[in-house]
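Chain naming follows the written order as A, B, C and D, and within any one chain the residues start at number 1.
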Amino acid sequence: MHILDTEGLTKRFPTVTALDGLTVTTGPGVTGLVGANGAGKSTLIKILLGLLPPTAGGARVLGLDVTTRGADIRRLVGYMPEHECLPPDVSATELVVHLARMSGLPRTAARERAADVLRHVGLAEERYRPIGGYSTGMKQRVKLAQALVHDPKLILLDEPTNGLDPRGRDEMLALIRRIGAEFGISVLVTSHLLGELERVCDHVIVIDAGRLLRSSAIGEFTQTTRSVTVEVDEGTQALADRLVELGHGVAPHGRMLLVEVSGPDTLDAIRDATADLGLCLIRLERGRQRIEDVFREAAGV
Amino acid sequence: MKIELAQVSRWYGNVVAVNDVTMTIGPGVTGLLGPNGAGKSTLLHMMAGFLAPSNGTVTLDGTRVWKNHQVYRHIGLVPEREGVYGFLTGWQFVLSAARLHGLPDPVEAARKALATVEMEEPKDRRVETYSKGMRQRVKVAAALVHDPPVLLLDEPFNGMDPRQRLHLMDLIRSMGAAGKTILFSSHILEEVERVAQHIEVLVAGRHAASGDFREIRRLMTDRPHLFRIRSSDDRRLAAALMLDDSAGGVSLGPDGLEVRAVEFRGFARLLPRVARTEGISLHEVSPADEDLESVFSYLINRSS
Amino acid sequence: MSEIYDIGYRHYDGPRLGRGHTTRALTVHSLRGVFGLGRPARSKLVPFSLAAIMVLPAIVSIAIMALMRRAGMSYSGYAVIMQAVVAIFLAAQAPTVVAPDLRFRVLPLYLSRPVTITEYVGAKVVAMTVALYALLAVPLTVMFAGELLIDLPGPPRTKEYVGAMLTGLLLAVLLAAFGLAIASLTPRRGLGVASVIALYLLASASVPIMYSTLLSAGNDAAARWAWLLNPFWLVDAVQVWVFGTTPNSEGGYPGGPVSFVIVVLLIAAAVAALALRYRKAASR
Amino acid sequence: MNTVVAGITYRALLGRRRIVLLLLLPMALLGLALLLRLMGSDDQRSTMLLMQNFAIGTMLPLLGLIAGTGVIAPEIDDGTIIHLMSKPISRPVIAQTKFLVAASLLAVFAAVPTYVAAWLLVGNEDAIAPGFAVGALVAGIAYAAVFLLLGVVTRHAVTIGIVYALVWEGLVGGFVPGARKFSVQQWAQSIADQISTSPFLKADVTLGFAVPALVIVTVVAVLWAGQRLRVLSLTGDE
């Protein structure tokens, strides 16, 4: 069974077309959803939750049609919005228990699950204090906890790492990975950073201007970049020159170099060149393709 | 123009948000880097004259910023909080900024500023209908409308999609190259390194580092460090690396090698040589991801 | 035998209850919110002080019955006499029921669950109604219990008590629906408080002006209509019509079911306004 | 006075829901006046009742509260004021402009309807209509200043304003004669009394006290608001 599938899904608003004939399916596991800002992503999420009727086409979530089975879908799906959505004057426990009951859990089960879930997302003693005093990272955890508390089959996470610093981001990504793998809950996660999604996703969908740009397993995604990033601290230019001399395609990428891989010997050439030049080889990684590259290709830049 | 902070502290009751910071921000792009809650916003607010330093002084080319509204002739500010009237259209908002600055040709200035951030098309929609990225760009346009020599941006990339991010990064870089003094705060290392040559680092309110990005980065990486390596023969590579002192500990896992380097640069220089000597192909070398906070607290602890 | 238990993630395979349960839970939650239960102490201050003020006359009344052996305050007039307190309670607490969910955008968390807008709004109205009803019913009941225990000469005023309790419910529904409809127009609590109180003052300040001028013009019949501008007197007029109690106004009210019809229309209008407001909020 | 600041402020108040409140109260006043007239109660006694209880006693303080806090409190609350404060305009000028906007709104929504309502009932008899209109105008200006200051000083401006208008001016002023001396409403009545020659109007506070009090309260409140704006920190949330 598909976790979700859409067919020719279209949503037009008076001034914009948010979704334009989107056809896509995803299976279990962690799926990333990326796209330029605009109405597209949030509209898709609203349609998937059965809160917004599509203009044309259709969609199913966990095999349930979004137009007719909205309430059943919302019983089985958890949603973490992108925007702030927490009242400041209640505690995390109070809020999460309450929202668990809003998903139909009896009082006792709601309490137990709220306690469990808050522990899993890493909120300890803070959970009894009013949310108003929480840091961004803690708030994101509360938002995640409320999406998980009713043990959904699928959770929709909208920009879960937004506003987090690197440590917070790592922890959030690790949590998402655990939700997908250990908890056995399918995840649809949106992000602006493909590098981030690469770390947690099994599958990535890219939409742009309401249309499907690409949908493929993360393996294929990374395969499509036939280049490696190389970081050598000092002497980046010297290395670039040497590699160009040897006939390799090299492009600067910030502090690093992007080297086109034409075969196994390219990697050896990089190894040898750094060794010859006496450079530090800090990084040699398979093309960490960024979302912007996908958009660049699409725009033909 | 130059912003100078001299022994600036700011506290709220017993909570010290900024602790004895002295720095000078000159022309070019400077990144203000630090984990969440490090005091970046507080510092920026003091530079923008929206908060009195509890101690020390903040000056712009020698004149005090606090309680001096004339400084806004030279400063463009992009605050982190929304700060945009939802009931105005993007055009009205930017035009009002131009008028508030008393520019001779406000219409032309507003048009230019909106063009700079590529917001001409939706300019007649009300701001409340904008996405976060669009609001962010309108804020940037309003800050640029009087062509200020100093630009302060608080988390400017927040909420922008990759295309918009790219565009704003280019914009900031080119303005920096044109000699404007630009300071932007961020907690994302990658973002900063792509735009700023110079960085100032705040950790827990303290000024943890300052200077050229590469040099700081080298300082930051110069500590016991974890590498993950995959190669054509991990076992043999492990054995070879263990012979050298710079590789402190080597362990072999299902995903390849993990090396705890005692001396970061020494090991990074050693690795390609050993691999070449042993005839082993390197498939992947990754330094374990830098965690800003731990890197910076290491910096602080080391310097105290 | 020793064992380390698995405290990892557990799936939930217990019951998932239906709409009745969620709506009830939301109602109870909102009701707790009205009285500041489960919130910091300062949220409890206003509702509980006002509730205490509401009970005071009932206690004084019991004391009068016990010591002076004569009937205390009338049941039917309690709401009218205490209307300022009830109005302040409504103005202060109605915004707390609806404003935070709008202001802090909590609404999407409800809507992403099997809770519909209708259920959400219904639960809020019921919660506010129950809170207002409690404010009225508790002192009435305390007073009635006192009367039964003291056993004054003559039969207890059971019919008046029951009448007051029933009209109190009508008043609570009217005030709750109206108060919430107004408070939900703005996510700002302060503006919500101001709007509700402004509307109440508007209504109650116009009554004496209308009444006395019309009376002095010799137009008694028209003057009676003036009372219906204020919700408390309006519902009292219903009470007079249904239970035949003494009017709590000078000169009485226009007779017949007209007051009841007005109440029903007002409630319908307020509920419709709420429904419209939230349909718009949900589509955002 | 800065026209751009004024323009934005007018738009903020008139372009949104607040205008409903601003319109509702004067409409109610006019409606009542019209009704009284239709009922044939257009005498001086009814007019006094309407003016003192409703126009000055209820409508004016509520409008003052809505306009006075409305010109600045929401902007401080959601941080949008940073747009004005990050421009080379002195903060006292911002405060003064906002005050003028609030005062002008009160002139339009309070003083004018007050005049029209009284005029509907008694025409220009005994100068009742101009008397109350000027009283409402002057008191409206004072309310605008006081509530503007309140909006700058505290985030609970509306609640405190209601407590002041209702409890102090309404209740305490009703029972404690001394408190009436320090009530904007009473000052308004003194002015109305001065202009009007109606025998039904009798003010409690002398003009010699009311006029200086109005001037001092207005000027001090506006200046103070300007000073408070100069040191306003916008990082209150952290």
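The criterion applied here is as follows: contacts are C-beta pairs under 8 Å (C-beta built on N, C-alpha and C of every residue); 3 or more make two chains touch, one makes a residue touch a chain.
Here's who's who by UniProt: A = ABC transporter ATP-binding protein; C, D = ABC transporter permease.
Everything quoted here is computed from the prediction, not taken from an experiment.
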- Query: Stepping chain to touching chain, what's the minimum from subunit A to subunit D (ABC transporter permease)?
  - Reply: 2
- Task: State which chains count as neighbours of subunit A and simultaneously of subunit B.
- Result: none
- Item | Chain whose mean Cα position lies farthest from subunit D (ABC transporter permease) | A
- List the centre-to-centre spacing of subunit B and subunit C (ABC transporter permease) in whole Å, with centres computed as mean CA coordinates. 53
- Note on the structure: Whole-angstrom distance, CA centroid of subunit B to CA centroid of subunit D (ABC transporter permease), is 48
- Quick one: report the Å distance separating subunit C (ABC transporter permease) from subunit D (ABC transporter permease), using the average Cα coordinate of each chain. 31
- Which word fits how the chains touch one another: line, ring, star, complete or other? ring
- Touching subunit D (ABC transporter permease) in the complex: which residues of subunit B? 12, 17, 41-42, 45, 48, 50-52, 67, 69-73, 75, 77, 79, 81-85, 87-88, 93, 96-97, 99-102, 142
- subunit D (ABC transporter permease) to subunit B touching residues, read off their complex: 2-5, 7-8, 11-12, 15-16, 78-80, 82-91, 230-235, 237-238
- Message: Residue numbers of subunit A touching subunit B in their complex, please.
- Response: 15, 35-39, 135-137, 162-168, 170, 192-193, 233, 254-255, 264, 267-268, 270-272, 274-275, 278-286, 290-292, 295
- Query: Can you list the subunit C (ABC transporter permease) residues touching subunit D (ABC transporter permease) in their complex?
  - Reply: 185-186, 188, 190-191, 193-195, 197-199, 201-202, 205-206, 208-210, 212-214, 216-217, 219, 222
- Message: If we count contacts the way the header does, which residues on subunit C (ABC transporter permease) are in touch with subunit A in the complex?
- Response: 8-12, 14-18, 21-22, 25-26, 29, 38-40, 43, 100-101, 104-106, 108-116, 282-283
